[in-house]
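Okay, got some structures for you below.
What follows is chain A paired twice: with chain B in the first complex and chain C in the second.
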Partner chain A sequence: MSTSGTTGAIAPGVVESVTRHQHPGGDHSQPGLPGGVRRTSSRVRRERITMASLVLPSIILVVLINAYPVFYAAIQSVHDGTLTTTGDFVGFDNFSTILASPAFWASARFTLVFTIVGVFGSWAVGLALALGLRAGVPGRSVFRVLLLLPWVVPIVVSATSWNWLVATPSSPVPQLAEALGFGQVLFLANPLLAQITVCIFKVWVSFPFMLLMTSAALESVDDNVYQAARMDGANRWQTFTQITLPMIARSTYISWILMAIFCVNDFPTIFLLTGGGPVDATTSLVVYAYKLVFTNFQTGFGVAVAFLMTVSLVIVSTILYRQIRKAGIE
Partner chain B sequence: MSTATTPRHAAPSTLEVRPDRRGTTRWWGLALYTVITAVVLIPLVAVVVLALRPRQGSGLSGYTLETIGYVLTQTQSIIWLENSLLVSLASTVVAVVVAAPAGYVLSRGRSKAVSGYSLLLFIVQGFPVVVFVIPLFILFARLNLVDTPAGLIIIYVAASMSVACWMMAAYFDSIPVTLEEAAWIDGCSLFGGFVRVVLRNSLPGVLSTAIFTFLVAWNDYLVAVVFLRSTINYTLPVGLQTFFQQNATDWGPVMATALLMMLPPIIVFAALNRFFSVGGIGGSLAGR
Partner chain C sequence: MFLSSAASAQLSRRNLLGLGLGAAGALGLTACSRATGGGTAGASGGGGGSTVAFWDTVWGADSYVNRAQELVQSYSADGMTGAYQSVPWASYYQTFSSAVASNTAPAASSGGGYQAFQFYAQDAINPADNVIKALQDGGAEFGPGLLESMQYDGVYVGVPWQVDIRVLWYRQSLLEQVGAAVPTDWDTLRDAGLKLKAAGIQGFSVGAGTSTQGTQAFLAMLINNGGGWFDADGNVDCITDNNIQAVEYLLSLAKDGIITPAAVSYSQDNITSDWTTGKTAIGFDSPTLAQNFGADQQEDILVASPITGPTGKTGTMRFVNNLMMYKTVDTEVSEAFLTWYLQNMSVYWTEGLLSSIPALQSIVDTPEYQADARAKKIAEEWNPIGGTYASLASSANPAMAAVDGGQPTAVWAQQIVQQSADARTILETLQTGLEGIVTS
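Coming up: the complex of A and B.
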């Protein structure tokens, strides 16, 4: 279950371990259990029980809080229910109604735009800043900490502050725009501008994550490689595209996938800044599902939307996950 | 250097010029990063500055702590702060207690069931919270867990479980098995080896898992806004949002509450910054 922005604060390194745990028979040699020291069958059984009871609490939690709701949601999505009643069985009517509604496709489109801008915008900014810091800016450890703050600060706080900065005509940024001769700019009242503002806000929140990821990846690139490239007469751009990017490819894929998941599932970044408005211009699928359930009380529709989203997300991330493992093996 | 007349040994002379040019570039870099950082931090600086401004009608001017004092004594922010601290700290403790043993099994176990569980954790991690919130709301309503701190804690622990297990497993991977084997030979049980050898050497891993869970719980808005019904039970994110909607014209108290909410993560981050790299990124990404 991925919650708000900070979910991934320290997640990056973790993914590495996941990709390894998937194939324990691989290059990573697994240690033997104490059974290997003195192998008697009762002892082995006792150790199995110990291992099982060590992992059991987490399994109970994951099954009860994560798996059960998905099961329940699957049932709800084929019923005409409200928040408190299950309602009548309606087959796939919810899905067909949803798939025929323009509002669904509009929010699917915005989710796609939001995700693409969120992933590649934050990646480009994060990578550029990481490269600069690596090149040796004085006091870079200070900058590294300060530049992480947008990711560390709660999204409710930054959304409140961004509201103060842009929301009304008397806010500082619209005032500045007016002083510069752009006339009255209503950042959150004009649909297109609101979409752009939300995307910029997302990049502002997320680039530190990419800065962390790319900094860690860049540190693993050997300096000698660059020197060799320079000796061979490669210019900066060639060095970047033909050495740096391929060498950090694996962690780049991982960070893209994680960020894509964060963006698609993101609720507070959008909801707290615009509430999905104006005229639903910034309603992503998650916000759409939330509104269907908690504003319109159409539980069946809302769950159907969330379900479609989950299924496509699982499919996409499984495909990408395979890609990573391939990239890792090569 | 493309002309044929340039002797090949001219190359070192360009290298000699470099230190000087690099020096200038360094200062340009410093200037550039100072400007970028300043622009990036405007929204956060705004919170601090506005929180230090006097309230409307307080008759004060300049910068003052009066607004923060007002928020802490005259509004419900202090209750929300307590709720947030209670929920976040409890979630952190429970998550570590549950995730550490599970991470040990993920790290050392090598059966099909273990890798299957690892995959389940990966899939579950990608599900949007909205999918969970509705069925859980109905379930928790039956169990009388709606509008209680306990309900939130259960959800936050579960929400951070995948990543917490992986983080613990990733850290345990870095601890050599030979240590446990030595303990086993000395007659230590499997569980004893885990607690006395592995866990005792895993403070950085435990701390980064704890930081992660704390931040998930502290920063969450969606779960809290759905599950908390009465103002007295609000956590800070929901409280701040209500406060903001009610006092949209007077930004001082709103930003003072925002400041209260922003400080713990920043303090945790500043104090334990080192562990962000040790347990999370540096240890696992770099060097592999």
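Coming up: the complex of A and C.
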């Protein structure tokens, strides 16, 4: 199953060759074994060349689009340049400076929190709504469309709306909080509240993606399984934990990985709502890198941060994928 | 099936590959032909003659952009015509930097206040001395201190064309409502603020979130007290007695609630909204602030005269916005265009398209400009006392580009609003932050 993606194209030829080898007299169209094998090998080789030729332009394109920026960024990360000049070679000074910076670690901590809340918060909401919609809520097709709105609406519009809702003392949500006796609550002015608000905003923006992923996974679960579980006396919780979650596990893990990547790389959600403030409380690594490069013009430092982010993401993603494969989740 | 079938399929594959290669070739040729076209960068040739490209950041409403385009396109000299490109402020620096790096910069441009210093240091633009001399030979007179502020390394790196300055605005009706006088110094500013605070109105407008207004307002107060971020030699010098006194005063405004604690996260929209809805009565802002008010409120939003700090000094901060010439075209071509542009840009003010102060005195003296009482007051009373980010230094330097909107100054403003430390500690943090970006 898992090999079909990479070797499926040459598999027919190989299978054919092996079959002829095992049953030399089976193919009456071939005059004799040695010649037939040679022709088959030649055809396999031609097919491989054809496949390679077809794939080559895409590979060249991907290399050109991805490799050059990565290569150039690698150069920038070991220089003290600006946006227009390469600057002097400084070795790994940028990396050591960044790793010794408290601002970097503060950004890393917030990135971690933001990612964990973003992934699991949006997954929990998306899963709950997907289960609700699957349960046969009246007008669910309408709800399904409405629930996608946070994801469909441009992030600039969403951020502006949220800003209007919470930013000033006269905004609706602080007014409501005051009316409920909580006093003057400034959601974006207090560092902790700002972090919480940004995380909730991320969950709100992201849950439709999880809803889609989870709904698709739930659709693939056969109803007979649930009927069998009911006949065996399983209650709802047992059905959820013993059947639903395991059967959508592969899709869940993949959506977690994707959402983790989205969260770590998320710039507009944070920047448009708080600009990374107050006092850098909501500055994630990607916002930190942006500020270093585009407001402080410290290109080397900023690219070094981006590199560290990328390496971390690759490591985490690789580990998670291996865990998925090791666990044999299908 | 397709891959393992016979001759006809082989032919199809060849055809397919041939088609792919052909398409790739066609795309390559198209790309090459476009690459030699030149677009609107620099000065480019073409079937209908050559063009001089001018890139302009968005200084006003659509009416300004349309008028600027019309003006630039009317340029015609030596077979060259003007080509206009509007550049949004969002990511403007990346736009210009990418153009410089790829040698596709325009002949001339406007842009950030300190962009010219940085690009000159990077050998991307030409000195503007010849343009300034040509204008002066033609009788042009620049506003006070504007030319000096553009000097760097013995040359003028750009030509001043307008000044964006922070002036003290107030809502007359709100001051009358609480029985406060128009502030003339820091004590009367506090008195008015306390009365306004008691009525639930902000007495000192600040936006320190995604807006840079708060940083600029606080710097205006530092300069107002004879201080600033840099000393006369252009070195970072934040921890001075005048600065400490100013930050202590600002901290007291925050402590007394005259500055709202919510300001730490304010965007420009939040600031504007508070002004127009009567939640703010006093504050430093740009000359464009009045444009946000309706026609029925125009009589109510007024500009105060400069206030005096405890040291007896006056002052505020300003951006000397300038035009620069890139090295992508012949110097004579860009100089001729820029000289012409500056000699003809008065329409922006005579037609009421810009609220900033024109750099040329001849435009300030026009009847149309003088008819606007607020603009006249800003030009006459505030412009002469304006200082740049360079503060006590008469001219700026390339490092100012990083200071403009940079992280240390934003954090500085947020720390004041949050009263997160005493004045000296906050200034020490700023000193360290500025040294980090200025010297790197």
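Going forward, the second predicted complex is superposed on the first by the 256 of 330 C-alpha atoms of A that agree within 3 Å, B and C clash if a C-alpha of one lies under 4 Å from a C-alpha of the other, contacts with A are read in each partner's own complex, and residues count from 1 in each chain.
The definition used in the following text is that contacts are C-beta pairs under 8 Å (C-beta built on N, C-alpha and C of every residue); 3 or more make two chains touch, one makes a residue touch a chain.
Here the structure is a predicted model, which is why all the values come from computation and not from measurement.
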- Query: After superposition on the shared chain, which partner residues are touched by A:Ala194: those of chain B (first), chain C (second), both, or neither?
  - Reply: second
- Message: Looking at A:Trp204, would you say it contacts chain B, chain C, both, or neither? Reply first, second, both or neither.
- Response: first
- Name the contact category of A:Leu54: first (chain B only), second (chain C only), both, or neither. both
- Return first, second, both or neither, reflecting whether A:Asp80 touches chain B, chain C, both chains, or no partner chain. second
- Message: Applying the document's definition of touch, where does A:Ala108 land relative to chain B and chain C: first, second, both, or neither?
- Response: neither
- Based on the superposed arrangement, let me know which partner A:Ala130 touches: chain B (first), chain C (second), both, or neither? neither
- After lining up the shared chain so the two structures overlap, which partner does A:Phe294 touch, if you call chain B first and chain C second: first, second, both or neither? both
- Query: Which partner does A:Asn163 contact after superposing on A: first (chain B), second (chain C), both, neither?
  - Reply: both
- Message: Per the contact definition in the header, classify A:Ile270: touching chain B only (first), chain C only (second), both, or neither.
- Response: neither
- Item | Chain touching more of chain A, residue-wise (chain B, chain C) | B
- Task: Overlap the chain B and chain C contact sets on chain A and report the shared residues.
- Result: 9, 12-13, 16, 46-47, 50-51, 54, 57, 83-84, 160, 163, 271-272, 294
- Query: If you look only at chain A, which of its residues touch chain B in the complex?
  - Reply: 1-18, 20-24, 30-34, 37, 46-47, 50-51, 54-55, 57-59, 61-62, 64-70, 72-73, 76, 83-84, 129, 132-133, 135-140, 143, 145-150, 152-158, 160-165, 204, 212-213, 216-217, 219-220, 251, 261, 264-265, 267-268, 271-272, 286, 289-290, 293-294, 299, 302-303, 306-307, 309-310, 313-314, 317, 321
- Which of the residues in chain C come into contact with chain A in the complex? 1, 3-4, 10, 13, 16-17, 20, 24, 91, 93-94, 97-98, 100-101, 118-119, 122, 124, 208-210, 260-267, 269-270, 273-274, 277, 279, 401-402, 405-407, 410-411, 414-415, 417-418, 420, 436-437, 440
- Query: Tell me, which parts of chain B touch chain A in their complex?
  - Reply: 26-27, 29-30, 32-33, 36-37, 40-44, 46-47, 50, 98-99, 101-102, 104-110, 114-115, 117-132, 134-139, 141, 154-155, 157-163, 165-167, 169-170, 173, 177, 180-181, 184-185, 189-191, 193-194, 208, 211-212, 215-216, 218-223, 226, 236-237, 240-241, 244, 251, 254-255, 258, 261-262, 265-266, 269-270, 273, 276-277, 279-288
- Task: Over in the complex, which chain A residues touch chain C? Could you list them?
- Result: 9, 12-13, 16, 43, 46-47, 50-51, 53-54, 57, 80, 82-85, 160, 163, 167-170, 186, 188-189, 194, 271-272, 274-275, 277-280, 291-292, 294-298, 301
